[in-house]
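Each of the next two complexes has subunit A plus one other chain: subunit B in the first, subunit C in the second.
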Partner chain A sequence: METYYIQTKDIQNLIIGASFLGTGGGGDPYIGGLMLKRELQNNSKKIEIISKVNTINQNSFVIGSAMMGAPIVMIEKIPNSSETKKALEAYSNFTGNKIDYITPLEMGGVNSTIPLITSAKTGIPVIDGDGMGRAFPELQMTTFYFYGIQPSPVVIFDEKGNISIVKGINGYWSEKIARTITVRYGGSAYIALYGTNIKTYFNSAILGTLTLALEIGQSINDMRLDDVLDKLKAIILFKGKVIDVNRKLDKGFSKGNVTIQGLENNNILKIDFQNEFLLATINNDIIASVPDLITVLDLFTFKPITTDRIKYGQKVIVVGIPSNNKLRSPNALKYIGPRAFGYNTDFIPLEQKVKKIAN
Partner chain B sequence: METYYIQTKDIQNLIIGASFLGTGGGGDPYIGGLMLKRELQNNSKKIEIISKVNTINQNSFVIGSAMMGAPIVMIEKIPNSSETKKALEAYSNFTGNKIDYITPLEMGGVNSTIPLITSAKTGIPVIDGDGMGRAFPELQMTTFYFYGIQPSPVVIFDEKGNISIVKGINGYWSEKIARTITVRYGGSAYIALYGTNIKTYFNSAILGTLTLALEIGQSINDMRLDDVLDKLKAIILFKGKVIDVNRKLDKGFSKGNVTIQGLENNNILKIDFQNEFLLATINNDIIASVPDLITVLDLFTFKPITTDRIKYGQKVIVVGIPSNNKLRSPNALKYIGPRAFGYNTDFIPLEQKVKKIAN
Partner chain C sequence: MPIKIGIDIGSTHTDVVALEGKNLLAADKVMTTQNLTDGLLNAITTVIQKLGERKNEINSLMIGTTHGLNALHQAKGLNRVAIIRIGLPAGEGVPPTFDWPENLNNFITHKYMIRGGHEYTGEEITELDEDKIKKIAEEINGKTDAIAITSIFSIVNPDHELRTREILKEKGINIPIILSHEIGGIGLLERENSTILNALILRIFENLIIKIKDLLSKLGIEDVKIFFAQNDGTVASEHFIKNYPIFTVAGPVSNSIRGAHLLTGIKNAIVMDIGGTTTNVGVLYDGYPRESSSIVEIVNIRTNFRMPDIYTLALGGGTVIKNEKIGPESVGYALTQKGISWNGDTLTTTDVAIAIKRITLENANPKLVLQKFPTDYLTNIYTKMKKMWENAIDLMKTSKTDIQVIAVGGGSIMIPDKLEGASTVIKPQNAQYANAIGATLTKIGATVERTFSYEQTSRESAIKNIIDEAKRIATTAGASNNTIEIREIEELQIPYLPGNSVKIKVKVVGEFS
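Let's turn to the complex of A and B:
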């Protein structure tokens, strides 16, 4: 598939698949799905997904389109789609760049659909790829950044019409300043960032993730979890019942942890999260950690559960998925390894850890 | 005087006079003085102050240059002068406007000197005027804004090199967003804002305030307080000893109040402040309020005391000064009258109130 036009029937697959890759973060899939459905019903422009490199002019300019903010705020403050377009326009006005392609920054329930909504509003095609291959909580946590592309300028737009443009001295500062603006706006914002030429983009991005999300979503909706596990070389880490959830909103992030008791034994799985699930331990032994993906599914429907929706009593399957090699390089691990999130442990690939356990 | 070049001998007069008009805010005069002295000693460009309208091309573009943040932070984080220039350059790059003139935003110990330092770094002349005729705590509290000029875009620069550009939907939002960025930067920032053509500027500004500050400073330094009072139609409201000061740093502002006991009687004068002195009561009866100026002077030296330097035991003279008519219009009072600062009272001009009291 070189070019594909998103249709209404794809929405449910996309948001479920993207949420699966979103490891608990990336926004609420139902909000993302509703927004996208509205666009497809509203005589908007066709949403073109482009996968192949050789169809693209090498001088083209690509820009990331996303929402920023704690997912839990997005649930209470449903986005007005036209604002994603305005963030792009502000970027163009500021930099003078004509925007040829849009890319998702991450895979997740909202941030996989936002670029499609922007496309529906502007007619600009979306590239089948992103900068994380999953979801992460901060702007500098992208393969784009690991390959030397700065997030700045970041355009930060809100539904009231406020525009802020940030050029941080590095990715951390761009993130910190953009985050504080987002909190001041009311907790969520529309952003445009990581503008670059298409050649640099293809070198740094994790490709094929939108179509991967569609495929995963189709399998999940068909209740074919084994197909997904095979496709992703994923491993079931645990099956259990949620017995405790701690969650707080801290500086624009949803932070906390969840405790799950085994269904078939007395083992305890605990997962720490910061928007996304970051670190899983079984009986205090680390079994999976960032950048590898930790995804929590409903035991009966296999639907992914976000960190904001997980709650006491849910019966769940916890899945570990090896991350893309672009996330596992020593340079990448400086930004997205366990230590980058404050955990005093090195990254050990999931497939090495899991050999030791049996559940 | 149509054009004047600032010299080292002017510094002490300027900072004392500007602090007098700064009503306790506008930054620490000693920091401002040190920064300006360094520029004049460092082979910088001449600092030209321009007073007369008819010498100026009507198509010229003027921009405000200032520091933002709680004055108390500036004391601990002494500015690097070259950053004021970089804020201006960022503004030019963003808007495409060539900058012909610089204006102070307010009169105060630091923010009267910042435009002069920017001038020394760039060679761009400074206009003898400002947008407050005093100091105020927020960006939208300027005569520029009351006359329809937006503060946005506001360029907010820090000493690390971070650049943020804010285009708020109105002055309040520009202020709120810029303030939150300043706090994130570490508490102080260099800003460029209120860009406009010179004709609009002269229509809206309070003119002659830099030379007025020089004149007031000269009189104070010569211990001729009566000359200052005559010049400004100012009134001595109170003489007393500071018996209590409450002060806290709140969202980037220095807020609190000071209690002063009469030297010659048992009356109590209390002044509320938010960076600047805002409201004075004698025995709970309001005697002066914003936008009129309330200035606290040392009883023996007549030097103005900032809200950050005032402390228990100081013997002081409290002076009330009628504000410029541009600050007293019904439209202006919406933004800078007592109610704009949360006081449940209408503005009554100082000269009407003072008839009633005798101290």
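Let's turn to the complex of A and C:
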């Protein structure tokens, strides 16, 4: 079993890597990074990351640990940092399962840091993998779910000590009810969910994403964008300047689009977003869409720009990253393809589309 | 017409102007001193002496200063500060001043986290722990100089911050108490940091104001109102700044952008403020500085201030040229001793510019440069300088079309008449005093940011509410109530929250009362 212990020097890399994979959403991991730094400075337990898995007992039990709700609430109502640990304890008490491993749900934004804080509080190791390989807005949008694992029972805990346990009949209902509870809690909550045995987990998870985020962050912090592109088989879709940003209120989601004008030509790239960047078109031709990743970077620093910070006048690099095959299966696309986000179009893998443009 | 004095403290020069309406009566540059204050007092003295008998017509003094920033950088002369954060059981995950530089943390005498705070809806997280506040009052009494209080979601509901201050006062606490909802917008850590930074520099401004008043009375001048330039390109009264000095930290940068507008009447342009060591490139947007969208750090501490969007280039009038390399070293204020044109031994950007452009400058002899260096070499350097400014324009402008460029500051004489990306290059008269003029002629302003749920408060009344608050602050800062106009309303929806939750920012400006 290969293990790695998270150190303070990793935090900055993790934060940048998580923002990169967050595709403009997922919340700012800054607070999660500070919480993690504090855990590493305090008398917390070592945070063990497990990458190789051959020797794990097949009957081990793994659980997802995450924050749910509005990232903007979290930057104001900062957690007391023991919420996710208590959510795990409540899960064990309710189901009778002893928890052997923690998994991140999404590797993008603030939820990349939360499982590590849970680990520092409990001493339970974190598995190097997750259920999205990026960020998505809803609980059922995970590979775990596409492979038949239910999110429920979902334990929802808040800083005040309220506990709710939701057993939804499917992922859609679990999401809907859990989100309502989260709102009643004050807009942010801490959850334990997708409990399963390790065999099913490995079958469904996207592995290696935690160390991938660390590597991406390291490369970006060293200004080595090419390394990141090589590693991810990613493609630079566009270089340009933001000339327009439209935002609108729509059922509590931050929806809108960004218009970018080419630096070297007069082409126009448009990106639609709904918390995350979802769909990119060049001169009205779709070139990338969910579940493939669309990430917008500052032209000069290569630092990722989130959908709420993108602004008129910024010079940017737009990168398209092919998503993991587990996100591209017909079953997965029902939940996370363009149609799931309201677009009347089928998913076309980025690498096929961009090749076409090159021709 | 009354006379206004404007002063801007730069890194090498402190500029001072006396204006009657828009008419420049007197102007001067004095050396900026290490402690900033002496240079400022010298500048005031100089201009008042120049005015002669007309000094009695002075009715106001506007100052753009980096005193606050300087004190924080040096960690000197600061207040001792006690911190109270209200929000337990939330908020413990990142304690106050976690990750702060040690030299500033040394000034923090006490840190408390207590029960209370609000949800985004304005409901209480828990009841405020009033007993604890009473105990805190006993513990800190006499042991600290100022108190910074931050409560979770106080920008939705400030009740717990207000109540905490009330209790502390009832318990005999008689030092400045700064409440976070009066300082910053959303983001607990950023707002708390801003509040603490403000508390740290209160004394610096208190002392500065006392010194200025002493000097004015020594110079035989009474009834002069003192104002300070704020980050957003407006000014506020000494009474306001005495409590909220942190709003001045970017004042000088904003002044030059406002000054460029006031000197030319142009509302939208790129402004290049060319000083002794740097060129600050900013954007004039509808008459005020365009704000930066990135997170603003002051002395490596995250804040949530709105600051002007500035790109800084290591290219000023005193920038040193070695072989093919331009800067980043600068001879700064020693230009007229060290520059080749003044018979010195250092080739500077000013020498190159005046030799190539054939400009005459006081006591400078471009021929000395042309004798020592081949014309080809000088032309090559000047082309490189031009390229640096052109790159900066390209970085800051917001569309492919060319934009007007206004050059101000002491180094603006160096700028070429034509620049790529610029439709025209304008060097207004008195450009070298643009900063001080900007401070003098600008308006009183206030910016407020709050969050609301449109399901609980109608959009109409939410916006009215926040406008009223901004107007109230502008009035406190010295604006006359019936002249206040709304400059900007920004509405941003908050994702993942029901009830149409939005963040609203309002900026208002008004005339002096």
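In this section, the second predicted complex is superposed on the first by the 347 of 359 C-alpha atoms of A that agree within 3 Å, B and C clash if a C-alpha of one lies under 4 Å from a C-alpha of the other, contacts with A are read in each partner's own complex, and residues count from 1 in each chain.
Here, a residue touches a chain if its C-beta (ideal position, glycine included) is under 8 Å from a C-beta of that chain, and two chains touch if they have at least 3 such contacts.
Here the structure is a predicted model, which is why all the values come from computation and not from measurement.
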item: Which superposed partner A:Ile348 touches (first subunit B, second subunit C, both, neither); value: neither
item: Subunit B versus subunit C as contact partner of A:Leu225, first or second or both or neither; value: neither
item: First (subunit B), second (subunit C), both or neither touched by A:Tyr312; value: second
item: Partner chain in contact with A:Ile268 - subunit B first, subunit C second, else both or neither; value: neither
item: First (subunit B), second (subunit C), both or neither touched by A:Gly161; value: both
item: Partner chain(s) touched by A:Ile236 [first = subunit B, second = subunit C, both, neither]; value: neither
item: First (subunit B), second (subunit C), both or neither touched by A:Val183; value: both
item: First, second, both or neither for A:Ile286, with subunit B first and subunit C second; value: neither
item: Comparing the two partners subunit B and subunit C, which touches a greater set of residues in subunit A; value: C
item: Subunit B versus subunit C as contact partner of A:Arg38, first or second or both or neither; value: second
item: Set intersection of subunit A contacts, subunit C complex versus subunit B complex; value: 160-161, 183
item: For the subunit A and subunit C complex, residues of the former touching the latter; value: 30-31, 34-35, 37-38, 69-73, 75-81, 117, 137, 159-161, 183, 186-187, 241, 243, 247-249, 252-254, 261, 275, 308-309, 311-315
item: Residues of subunit C that touch subunit A when the two form their complex; value: 87-95, 98-99, 117, 119-121, 123, 125-126, 152-153, 186-189, 283, 293-294, 302, 395-400, 492-502
item: Contact footprint of subunit A on subunit B as seen in their complex; value: 94, 160-169, 173, 176-177, 180-181, 183-185
